[in-house]
Amino acid sequence: MALLEVKDLGISFGGLQAVDNFNLSIEKGELYGLIGPNGAGKTTVFNLLTGVYKPTAGKVFLDGTDITGHRTEEINKDGIARTFQNIRLFQQLSVIDNVESALHSFEKYSTFEAMFHCGRYAGAEKKLREKALEILKVFDLDMMSEILSSNLPYGQQRKLEIARAMATEPKLLLLDEPAAGMNPNETAELMDTISLIRDKFDITILLIEHDMKLVSGICEKVTVLNFGKVLAEGETKKVLADPEVIRAYLGDDE
Amino acid sequence: MMSFLTSFVNGLSLGSIYAIIALGYTMVYGIAKMLNFAHGDFIMVGCYIIFIFSSNLGLNPVAAILIAIVLCTLLGITTERVAYRPLRNAASPLAVLITAIGVSYFLENLALLIFGADTKSFTSVVPWAGISLFGGSLQIQGITIVTILVSLLILIFLQLFVHKTREGQAMLAVSQDRGAAMLMGIDVNKTITLTFAIGSALAAVAGALLASAYPSLTPYTGAMPGIKAFVAAVLGGIGSIPGAMIGGLVLGIIEILSRTYISSQLADAIVFGILVVVLIVRPTGILGKNIQEKV
Amino acid sequence: MLKKKMLSRNSKGRFTTYGIVIAAWIIMEIFMRAGLMSSHLEGLLVPMTYYAIVAVALNLCVGILGELSLGHAGFMCVGAFSSALFSLVTDGVMPDGVRFLIALVIGVIVSAIVGFLIGIPVLRLNGDYLAIVTLAFGEIIKNIINAMYLGVDSKGVHISFESQMALNMEPEGKTLINGAMGVTGTPHDANFTIAVILLLLALVVVQNFIDSRDGRAVMSIRDNRIAAESIGIPVTKYKMLAFTISAAIAGMAGVIFSHNIATLQSTSQYFGYNVSIMILVYVVLGGIGSIRGSVIAAVILYLLPELLRGLNKYRMLIYSVVLIAVMIINWAPKAIEKRTAFFDSIRKGMKRNGTA
Amino acid sequence: MKKKLLSIALTAVMAASLLAGCGGSGASGSSSSGDTFKIGVIGPLTGGAAAYGTAVQYSAQIAVDEINAAGGINGKQVELKAEDDELDAQKSVNAYNSLKDWGMDMLVGCVTSACSIAVSEETKNDNMFQLTPSGSALDCVKYDNVFRVCFSDPAQGAASAQYIGQNGIASKVGVIYDSSDVYSSGIYQTFAQEAANQGFEIVSAEAFTADSKTDFSVQIQKAKDAGAELVFLPIYYTEASLILQQANTMGYKPIFFGCDGLDGILGVENFDTSLAEGAMLLTPFAADATDELTQSFVKSFEAKYEITPNQFGADAYDAIYAIKAAAEKENVTPSMSVTEIGDAMKKGMTEISIDGLTSTGMTWDASGEPTKEPKAVVIKDGAYVSAQ
C-alpha cells in the first residue's frame, strides 16, 4: 500500500480553482518530485497536505489513515513534516533550540516542573539536548548549535529547517523548493544531504523543485502540475522528456 | 418612541464626532502603520487654539478654526518629523507606539503648564440653535446637524481624495506595500507627511466640533474621546475610511442607547464589550480587509 | 561539553538577575535599619516592586509570547480586589500571615481564571486588533468593578450595580465593595520584604518557564506561528498558557497593591489603560524579551518622576521628553548606526593608541 | 551594552535617592528645625483634578503669608510645601513620605477623600496632626489625629435633602451624579436615604463615570422625561457647567441644586453665567460674599494667581488659621516632636472656635468633624446671594 494516497484533492479560493482533481500516490521510501511552472499550485498542494488550507474536495490518506481536514499540528503528529519555500526558522532562537522545539512532544514534563525546574525537568531536558545534538550532527550543524538561527548562512538555514522537520520523526517529509536561492555548490551539498537522510532515516520525501538538475538527479518519480491540474506523472526521465511537459515549461518561461 | 428618537439623534451627534476623530486615526494607521496615541491630544491643542483666538481675542470662530487647522497641521507634521520618522524602520513597532505615548504626555503637560488645570468653557462655533420637530417633542441642536454634515463632507472629501488624486493613490500604494511603493518612485516620506497633515487638520476640526457640542476644555479633553475614536476606528476596520465613519456612528449610538436603556454606569463596559464581540465575529472589524498570511 | 556550557550560561543569566534583586534588597534593608533612608524612598519601595512584577508579567506576554497587551492593569485590578475582599472578610478570623498567604493564592488564581477566560477570544486575534481588545477588556473589568456594590449580611452575599441602597442589606450587614468608593480598610499585610520575595518568585517562574520545553514552544509560536504548527506545537494551548501565567503574575502584583494601601478603588488612575501603557513603557525601555531589563526599567522609571518631585509642575513634562529622547536614541536605526560608528571609532582610536 | 548602561543608571538613581534622603534622615521622630513651623500640603497639582489641588496650595500659601507677615504662630514663622499626588492614593503616601523627609510638623491634606484616607493610615502611625481641607468621605477622620474643615459627604447629602424638603422647593427631584467618584456617590447615597424622610420623590437618578463625562444628554433627558422640577448635582463644577449648558440647549430649565463642589461654576473661564441663574448650592463659601474676610481673601488670591478661588481654597485657608489657633492655644512650638505636636493639636482643635471663610464660629469635637452652618446660596445676576 502506498504511504501517501491523495484522491481527487481540490480547493478553490473565491471561485478560483487553485487545485483541481489532484491525485498522487507515493510508495514508502520513494523520493518523489512535484514540479510545474510558477503558479501551478504546487505550494497550495503542500498547504493542503499539511492542513494549512482545508480542501474543498478530495481525501488524503497517510499510511491508510484518512487525515483529511486534520489541523496542521495533528498532521505533523500523523507523520508529515515540511519545510517552507521562504525559510521559516524561529529566528530569535538558537540553532539547537529550533530543533528542540520540534522535539517538543518526545520528552514531556508538566508546566509546574517547567516553572520550577524540578521533577522530570532536568532529566528530560538532558535527553532533549542530546537528541537535538544528534540530529544536528547529521546535518553538520552541531558546531553551530548556540548561534542564533537567523545568523546562519543561507544554505545552513535551509539545512536547519530540514533538520527541524526531521526532528519530529515524520514518515513523509515535504520539501518546498529546498534549493531555491542556492549556488551550485550548495545545491550539490543539499542533494547529498537529501539522499543521506532518506537512507539514514528510511523516510519518504516529496519535494517541490525548479532546479531540474536536482530533480532528475535524485527523484525517482515526478508529478507535473499545471494550472492546478496534473499534467503528467511517472518516472522522472520519461516525464521530463514528454513534449507536453516541455511545452508547459517553455510556454511559461519564455 | 420620541425618547428613543431623541437618544438616537444624540447618539448620532456623539457618533459623528467620534467618526471625524476616527477618520484621522484610521488614515494615519492605514498609511503610516502606527497607532498615534497622541491623536486625541492634537484635538485638545486644536480646542485651545480656537479658544484663544475666538474667546480670548474675539476673532470670528471660522477664522479661529482655520488658524487651528493650520497650526494643528504644523504640529502634526513637526511631530511626525521629529518624533516618529526616526523610528519608522525601528526593529520593533512598539518603539514608535511608546514615543507616541511620550508625545501624548508631553502635550497634556505642556497644556497644563500654559493654561492651568482650570476648566475653560468653550463658546460654540455654531450659534444656530437648531430645529424642533413634532411640535417640539424632538429637538435637534444646530451643532448636531452641523457635526453630522461636516463628518459626511469629510468622508466624501477623503474618499474622493484617496481615489481620485495622485497623492491619494500614492497613499493607497504606501498603505498596501511601502517597499513596492518606494520602488514605483513614490516619495514615501512625503506621502506619510501628507497623511499626518490631513489627520491633524481633521483633529482640529474634530476639536472645534467636540468642544462646541460639549463645551468644557481641560488639558485632558482629548484623551478619552481619542481612545473611544480609536475603538471606533478598530470597530469599523482600521485603515478603512468608510469603516471609521460607520464605526464612529455605531459606537456613539450604542453608547447613548446603552446609557439610556441599560445602565449609565456600565455604558463603558458595554461599548467595549461590543468591540470585543464584533472583533470575535469579524477579526478585522466591520469593513476591514481580511489579510491572510501567505504560506 | 556543549550542553554543559549552554546550561551554565542560561542559569548564570538567571542568577545574575536574582543576585541583583537580592543585593538591592539587602542594601535597602541595611539603609532602612540604619535609619539612613528617607521616608520618601522607603514608601516607594513596595510600589516600585509590584510594578516591577507586573512588568515581568507583561514582558512574558509581549516579549516571549509576542502579543501586545494593553490590559494588564485589569488583571492587577482583579488580583487586588479578589484578595482584598478575602482579607476584609477574614480580618481577625485568622493569623495575619495565614490570611495574607490565602489572599495571595486567591488573588493569583482568580486573575489566572480571568486571564484564561479573556484569552479564549483575545488570542484568536492578531497584532493591533489583539492589543485593542485587551485594552477593551481592561476597561471592562475596571468599569464593572467600579460600578459594583457588594455586601454581606446574615442572609448571604448581595450584589448590585445600581447603588448601595439597592443591596437591601440588614442594618448590621457589611458593605465590602461600595461602588466607586471601592474597598477601604484592607489590612496592611504587604511590606518590602514580602514584595521582593514575590518578585523573586515571579522571576523564577518566568525565567524558568522561558528556559523550558513550554517556553521554547511559546517562543517558537512568537517567531513563526505557521512553522510552529508544522512541527506539531499546539499553538492555542501554549498561547493560552503563557497569557494565563502572565495574568496570574499581574494579579499577584495586584495583591501586593491592595495590601499596601488602605483604599482600593477601581478607577482610571490605578487600573485604567494608562496604567497598562505605563507598564508597557517599562517593558519596552527595559528591552522587549529581557526580563531583567523589565525589572530595572520599572524601578528607574517609577523612581524618576518621584525623584523629580522638587521640580513639581515640570516633572511630567521632563519625563515625557526623556521618554521620547530615550526611545529615539535607543531604537532609531540612524541613531543606532551613529552610536555603533562612534563606539567603533573609539575602539579604533584605543587600538591605535595601544599600538603606537 | 545597553543593559550595562541601565544598571549603571539604576545604581546612580539609587545612590542619588539615598543621598537625597540623608538630608531628611532621622526626621521621622522629631522636627529637623526648631525655628519654623513646617506645614505640608498634599493634593492633585497635575492631572484632571489639578484645579482643586492648586486652589488648596495657593490659598494655604496666602494664609501662611498673612500669618508670617503678622508675626507667625507663637512667634515662629511658617513654611509651606505642597506635594503632588496626581489623585493617586499611592502617590499621596509617597508625597507624605517626601514631606516627612522635608521635616513636616503638620499636614494640611489631602485634598481628595481616597488620598486622605490612605495617608491617614500613615499619619496615625506617626501621630502626625492631619487636617484635611476637603476630604469629605466618612472614613477620612476615622483616626483621632485627623480633623477636617469641610462637611462630611453624609452631612452634605442629608443637609441638602433636608433643605429641599423643609423649604418645599420641589416635590420631584432628579439626580445626576458621578458614580466613579467617591465624593459624588457618597453624597448621593445619603441624599437618597434622607429624601425618603423629607417628603419629596427622586424620580430619576442617573450616573456618569469619569470615562464618559462629556455627553450628558441621556441623564438630562431622563430627568426631563421624569418631570423633575429640581435636579440635584452632587458633582464638581466642571461637569456641572457642561450639564447646565446641555440642559439649556435641550430646552430644559429646572432648578439646579448642588453642594460645595458646585462652587466655582461662576469662575469657569468663558462660562455663560446666565445659565446658572437661579441655581442653588449648599456651600460654606462663596467668592462673591460681601463680608470683609472673604473680600480680602479673594482680592489677594486674584491678585496673586489671576483666578478666582473656590471653596477648596477657602477650606485650606481656614485650615491654616485653625492650625494657628489650635497651636497658639496649646503653645505648640516647632521644636516639639511630631507626635508631641500631634497630641497638643488634637487637644487644641477641640478648644478653639474660629471665624473663617467657610463659616463663623467653627468648632471641632474629638471625632474630627467640624460644626458649622451650611449656607444655601442662590445664583442671581451672575453672583452668589444668600438664599435665606
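Per-chain residue numbering starts at 1, and chain names A, B, C and D are given in the order in which the chains are listed.
Following the convention adopted for this analysis, contacts are C-beta pairs under 8 Å (C-beta built on N, C-alpha and C of every residue); 3 or more make two chains touch, one makes a residue touch a chain.
Here the structure is a predicted model, which is why all the values come from computation and not from measurement.
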| item | value |
| --- | --- |
| Starting at subunit B, fewest touch steps before arriving at subunit D | 1 |
| Selected interface, A-C versus C-D, where C-beta contact pairs are more numerous | C-D |
| Cα-centroid distance, subunit B relative to subunit C, in whole angstrom | 31 |
| Cα-centroid distance, subunit A relative to subunit B, in whole angstrom | 48 |
| Averaged-CA centre spacing for the pair subunit C and subunit A, given as whole angstrom | 41 |
| In subunit C, residues with contacts to at least two other chains | 139, 143, 146-147, 226, 313, 316, 330 |
| Shared interface positions of subunit D, touching two or more other chains | 46-47, 179, 209, 211 |
| Subunit A residues counted as touching two or more neighbouring chains | 52, 84 |
| In the complex, subunit A residues that touch subunit C | 50, 52, 71-73, 76-77, 81-82, 84, 88-93, 96-98, 100-102, 104-105, 107-109, 111, 114-117, 121, 124-126, 128-130, 133, 142, 145-146, 164-165, 167-168 |
| Subunit C - residues contacting subunit B, complex | 62, 68, 121, 124-126, 128-129, 131-133, 135-137, 139-140, 143-144, 146-147, 161-162, 226, 273, 277, 280-281, 284-285, 288, 313-314, 316-317, 319-321, 323-324, 327-328, 330-335 |
| Complex interface listing, subunit B residues touching subunit C | 29, 35, 37, 83, 86-87, 89-92, 94-99, 101-106, 109-110, 112-113, 227, 230-231, 234, 238, 263, 265-266, 268-269, 272-273, 275-276, 279-280, 283-285, 293, 295 |
| Contact footprint of subunit D on subunit B as seen in their complex | 3, 6-7, 10, 13-14, 51, 55, 109, 112, 116-123, 129-130, 136, 139, 141, 143, 210, 213-216, 218, 220, 224-225, 255-256, 259-260, 264-265, 267-268 |
| Touching residues on subunit C, where the partner in the complex is subunit D | 20, 24, 27, 31, 35-44, 47, 139, 143, 146-147, 163-165, 179-182, 184-185, 188, 257, 260-263, 265, 267-270, 272, 286-287, 290, 292-293, 296-297, 299-300, 303-304, 306-307, 309, 312-313, 316, 330, 343 |
